[in-house]
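In what comes next, subunit A is part of two complexes: it sits with subunit B in the first one and with subunit C in the second one.
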Partner chain A sequence: MFNKIALVVLGLLGSSYVQAETAPINGVVQSRCIIQTDVAGTYGNPNAYTLSTDPQAGGEPVVIRYDVSLADAYYAEITAPQEFSSSPAINDTLTWSGDTEVKAVSDATGMGQYESTKIELGMMDRYDLTATGSTWFKTSSEVTLGGNKAFPGGNYTALVLAECIAK
Partner chain B sequence: MRNVKWFLVGVLISVVMVACSEAIAHEMTPTYPKLRPSFAEDIYTTSIDLFNRRQDVEYYEVGIFDKDFKVVPFTTIYKIVKVSYLSKVNINVYIKAKDVNKAVYICSQSKIRKEQDVRTVVASRICSKFK
Partner chain C sequence: MLWALAVCWPFYSYSDSITPYYGATNNAAANGLQWSMDSVFPSPPGLDVQNVIYNYTIHKPTNEQVDVSVQNKNALGAGYIFRETDTWLPGSLDGTQINKAVPVIPNIPKEAWGNGSITVDGNGSVSNARVIYTYRVDPCYDPQFDPNCPGYKIPIPNIPEFDISTLYDATEEDADIVQYEEDKRYKSEEELTDEEKKAQEEKEELDSKERLEKALTAADNSAMFAAALAQAQMLQTLALGTNVNSYYRVTISGGTYRESITLVDKQIPDNRNGRRNGLAQQLLHTKMVDMQYKK
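The block that comes next holds the complex of A and B.
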């Protein structure tokens, strides 16, 4: 008899323990696109008349990460700089070049075609984000001052525009 | 014991990675907001949530655009909103009934300070689509 009571008590204790272990945590994940700057990028100054993000020129390209939690719902549009947002006074023509490419993906199967199917419109590259997960894009930029004149000393800042647009 | 040690190292690395990645993100929801009638006649409204995880950005500009990204008139309390680092702001926008059919996108764009001293800066813009 004592054994049976002990078993029932143990059973009750056990069930309450299980209830405690399965207490739910509720949450809602809204679909979203998150833009993260992994590397802000810097210009190197390989010669007097060029600023470049090429590592061989002493620069560093911009790396932007897109996190998408809804498949086939967004376009990523990344535009390389076409002007300085701040700089010393420059009295000659600037020639800009730039490009964006996929650096890494979190899902090689679903995102493997991103680079080959991108659309390039001038300095802007548009990617169709068809899969959920993370994609890292690398944007490089180079600017040359006309007539091989030297850039005046000072701080130069240029903007890379990273957009995530719902379809 | 050795496995536990490597597990702890892995956890530490992921915590550091998460901590680093959290410092620099721009986030806006929902993806597909809906315009609904407001308390005022012939005025529609919707709201968006902006979450700022960019330490280098304090202000975001809100805009409403048509299918060609031309500006559609709207009003809100401030079109340039201060969103402190790691904080979330809910923004209500109001648009005239006659402009509802034109409005396709609602976007938020980071505003970069002029005195930023790094040499390239990322301006982020997220656009949700009205449905």
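The block that comes next holds the complex of A and C.
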């Protein structure tokens, strides 16, 4: 008697669990390259047709910090601005110039040669982050309005693009 | 609610006093590349350095290597208690800064931190140097700082210890004998003989006179000093009262003061009354002179 009942139950169970199932696998990857803006830049206005981050022109360059906890795994690519993200309407051509350089390092031996081994591609500078630690990059920017015309009054904002590219 | 706050407040404020706290020094290299730690660390005991944070700007030829060391001598021994060396390889550029935070082995006593310095080995130099020490202070480093500190001991007054055997014990057998011998030196009035009583009375009378004399002498001395002082003050007062300015202001007229007395008769006769006396003296004089020639 017990054996029959057991068989019926098993048969019922077997028929009801014929289906597909998926199980998720979650993972979190902590970034080993963190980018922080230490100093937001400022444009000075040494003359009517120039905006510059040069301190002598009343401006201040951008300072960006890269914190890397995995050596020889990333490139730092920093691109100086080539357009305003916001500005008054400008009806003339703009001439942009910009440069990035290493301002400070946390490891003289491992990072001291970053500046001399960087690759410049137009407005973008690429650094090979071969050591762990923090590196401070300084980006300067200057823009001139065509024909030496005066910039219209208003607020001007340009963005420096800083990226951490995995090798 | 207020009651609960009032009850809890003393507890929290009390425990805060023993909670370790953190801090940072001023720039030790503000006045140069060598510094004394005496003027850098604060005074509380139980100070434990956590990190040395420094930054500077390197100046060097691009193609040369320069080694820069930030260090502190070991004040309790030889060598250095802390030393961090940055090797600037060829290719590193002039004007590059370094920002560095170096953890320190914990529980190094403050006294071990000797003079600090930044040294440059190679053809280079540094500028804008800044060295900061972060630290942790444990108020309970000395457990007696606060009763809540672990290991606190209730202070016991410092009671000097004596060797009991050297103290006099009236219950000891020998002590009775000593006391008896001491007592034997003095006799009661009934035990004295008449001669001894008389001698004792004379001695007491003599002592009494001597004491009185000393007291009077002391009183005399005091009175003498007081009188002298009063006299000095009186003379001083008199001197102040004397106006001598009038003597200074007197002007004596100049010129020649001629003799105003004229002798009328030029011959002065001998005194008749003295003639006899003069003659007697002359006779005596002549006699004395003749005596030496034995006339």
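Throughout what follows, the second predicted complex is superposed on the first by the 136 of 167 C-alpha atoms of A that agree within 3 Å, B and C clash if a C-alpha of one lies under 4 Å from a C-alpha of the other, contacts with A are read in each partner's own complex, and residues count from 1 in each chain.
Rule of thumb we're sticking to: contacts are C-beta pairs under 8 Å (C-beta built on N, C-alpha and C of every residue); 3 or more make two chains touch, one makes a residue touch a chain.
Bear in mind that the values here come from a model prediction, so they are computed numbers and not experimental data.
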Subunit A: partner with more touched residues, subunit B or subunit C: B
Which of subunit B and subunit C A:Leu145 touches, first, second, both or neither: neither
First (subunit B), second (subunit C), both or neither touched by A:Leu129: neither
First (subunit B), second (subunit C), both or neither touched by A:Leu161: first
First (subunit B), second (subunit C), both or neither touched by A:Ser116: second
Which superposed partner A:Lys103 touches (first subunit B, second subunit C, both, neither): second
Intersection of subunit A interface sets (partners subunit B, subunit C): none
Interface residues, subunit A side, partner subunit B - complex: 30-38, 40-43, 51, 53, 62, 64-65, 67, 70, 73-74, 81, 85-86, 141, 155-167
Subunit A-facing residues of subunit C, complex: 55, 58, 62, 68, 86-89, 91-93, 96-101
Contact footprint of subunit C on subunit A as seen in their complex: 102-109, 112-113, 115-117, 134, 136
Subunit B residues touching subunit A - in the complex, by the definition given at the top: 21, 24-32, 53-54, 56, 105, 112, 114-129
